[in-house]
Amino acid sequence: MSEPHAIAGRLTETGHELTQRVYFEDTDFSGRIYHARYLHFMERGRSDYLRLLGVHHHELARDGHAFAVRHMAIDFLKAASVDDVLTIRTAPKAITGARIILRQQVLCDGEMLIAAEVTVALVGPGGRPARLPQAIRDALARAAKTGGWPALCGLPQP
Amino acid sequence: MSEPHAIAGRLTETGHELTQRVYFEDTDFSGRIYHARYLHFMERGRSDYLRLLGVHHHELARDGHAFAVRHMAIDFLKAASVDDVLTIRTAPKAITGARIILRQQVLCDGEMLIAAEVTVALVGPGGRPARLPQAIRDALARAAKTGGWPALCGLPQP
Amino acid sequence: MSEPHAIAGRLTETGHELTQRVYFEDTDFSGRIYHARYLHFMERGRSDYLRLLGVHHHELARDGHAFAVRHMAIDFLKAASVDDVLTIRTAPKAITGARIILRQQVLCDGEMLIAAEVTVALVGPGGRPARLPQAIRDALARAAKTGGWPALCGLPQP
Amino acid sequence: MSEPHAIAGRLTETGHELTQRVYFEDTDFSGRIYHARYLHFMERGRSDYLRLLGVHHHELARDGHAFAVRHMAIDFLKAASVDDVLTIRTAPKAITGARIILRQQVLCDGEMLIAAEVTVALVGPGGRPARLPQAIRDALARAAKTGGWPALCGLPQP
């Protein structure tokens, strides 16, 4: 439970992998994770993926830029509990001038809890769409080509 | 901003409508709402809809039952800001023995911010699917038949 | 549970009173409210109190101003559960040029759950302390003089 | 930013130290951390401290036990921003049969952001106070005796 790991996770062949703990704050009275908290875990995964590619939110913010989520499709397959250690996987699926489509999974002990497809866009001052820096598009496009993941959405649900 | 309203919202011909304020806690450093917070607002809408139909979480919990989200598809169309007053609309689309498919919208000043389709299931002790009480299924089925809403997902995005 | 109320609460002789529901999101696996959520409820109370005195966060933000919490002392006396309807009371205790000291209580069914003393400051661009507008200081000072509340902190705990 | 660290932090001579990142979710429209989020970081610190002492929330929960916060005094000295890496320090100050008083600090780049004193209690079924296991009381009492920390509350505020 306490083995060393990198705080920003690690780049993999297909994208990025982050380890995070489920704390008290993530649960609700049903005894399991509150469903919206998985979006927090996935956002941490996306942020740390971009971080390891050299993109930092506080630097973007200086120019009035921030990433915004445009679309999400999420299968909630199984619920985690307090103390669980989760793996958040993020992999690019497609990149256009202004948008990134990512596949994300949340796993616990090798079992898939969440499978999602997330579209994010870079937004500039006043909420206007902004073009992704070329270096990021190239890095994501390279990872997207590996295509190592099975389709995540439309999975049969338990 | 302070006109009287019912704390649990109100039943409408097609479902339910709830008024909620955007507070400090709902925003992030981009200056707008943190995307996952919309799921909180939608959950409040679903809870208050069921409440007005006579279903209370704390009563379900006594028998070890709770609602769990199984699938969500969400279009994030426009972002709200602090102090905004939101309208959360919830309408049943389909009901099966164990699942409810709901359409949800979040609006501000007549503009649609969020359009979502949400599948929830009743879960019993040990996470096993539980059958919805007949009275709830009937009430939701009646509302679903009015079919007053246009399709919410797959909307063209700005 | 659904009687009409004003979304921004109401001014009272000693300060402000706001009604809020406990939702799924506010609870944790212990079955009760997650302790930090009470700070959200209290912040909503402070925001709506200022709102009814004519101070709006989004207007302050245009000039780079925002309120920041400087100190809190909180007694957690009793825990609320999902579906509970809470009353959040806010009353000014003292006002200086840059700081407001407020007493806050959270109640449910007439029982006190939380008793807190909160110091907030107005902060300008770059995090520098900013002077409170005179009109606000006057309004708060008038309410502070009524002094209708018993001391909130240092209460015997159950 | 990505050097290896133990996910549950590490025991120190005076208590425990945990490293955590500030993500999008932790901020608000002021551009800094939402004040209540520090309570989440402190709770993670307390949970991981107890974890390394052999106490696990999910095991306590099986017998209907959970920790509850009884009192908090918090100085908010300086605000963190997105992408910051925080150190959360936790040290026992006093232990009685049913309560633990802890000192907690949140630091960033060697600067203290938060200084707090937190009283927690173990609570059993129905919310009744429960006695702390002897092994935990001994471990905490040993750390409390080292007394390596300066007083945290009542610090002069900037």
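Here the chain labels run A, B, C and D in written order, and each chain numbers its own residues starting at 1.
Keep this in mind: a contact is a pair of C-beta atoms (placed from the backbone, for glycine too) under 8 Å apart; a residue touches a chain by one contact, two chains touch by 3 or more.
A quick note: this is a predicted structure, and the numbers were derived from the prediction, not measured.
**Q** Give the label of the chain whose average Cα location is farthest from that of chain D.
**A** B
**Q** If you fit chain A onto chain D using only Cα atoms, how far does it have to rotate, to the nearest 5°?
**A** Answer in degrees: 180, to the nearest 5.
**Q** Need the CA-centroid distance for the pair chain A / chain D, whole Å please.
**A** 27
**Q** Express in whole angstrom the distance between the two chain centres, defined as the mean CA positions of chain B and chain D.
**A** 35
**Q** Find the geometric centre of each of chain A and chain B from their Cα atoms only, then give the gap between the two centres in Å, rounded to an integer.
**A** 24
**Q** So which bits of chain B are touching at least two other chains?
**A** 24-25, 29-32, 36, 40, 43, 57, 61, 81-82
**Q** Residues of chain C touching chain B in their complex?
**A** 1-10, 19, 21, 23-25, 31, 40, 43-44, 47-48, 51-52, 56-58, 61, 81-83, 85
**Q** Which chain B residues qualify as touching chain D in the complex?
**A** Against chain D, the touching part of chain B is residues 24-25, 27-32, 34, 36, 81-82.
**Q** Please name which positions on chain D make contact with chain C in the complex.
**A** 29-30, 32, 35-37, 39-40, 43, 57, 61, 66, 68-76, 79, 123, 127, 157
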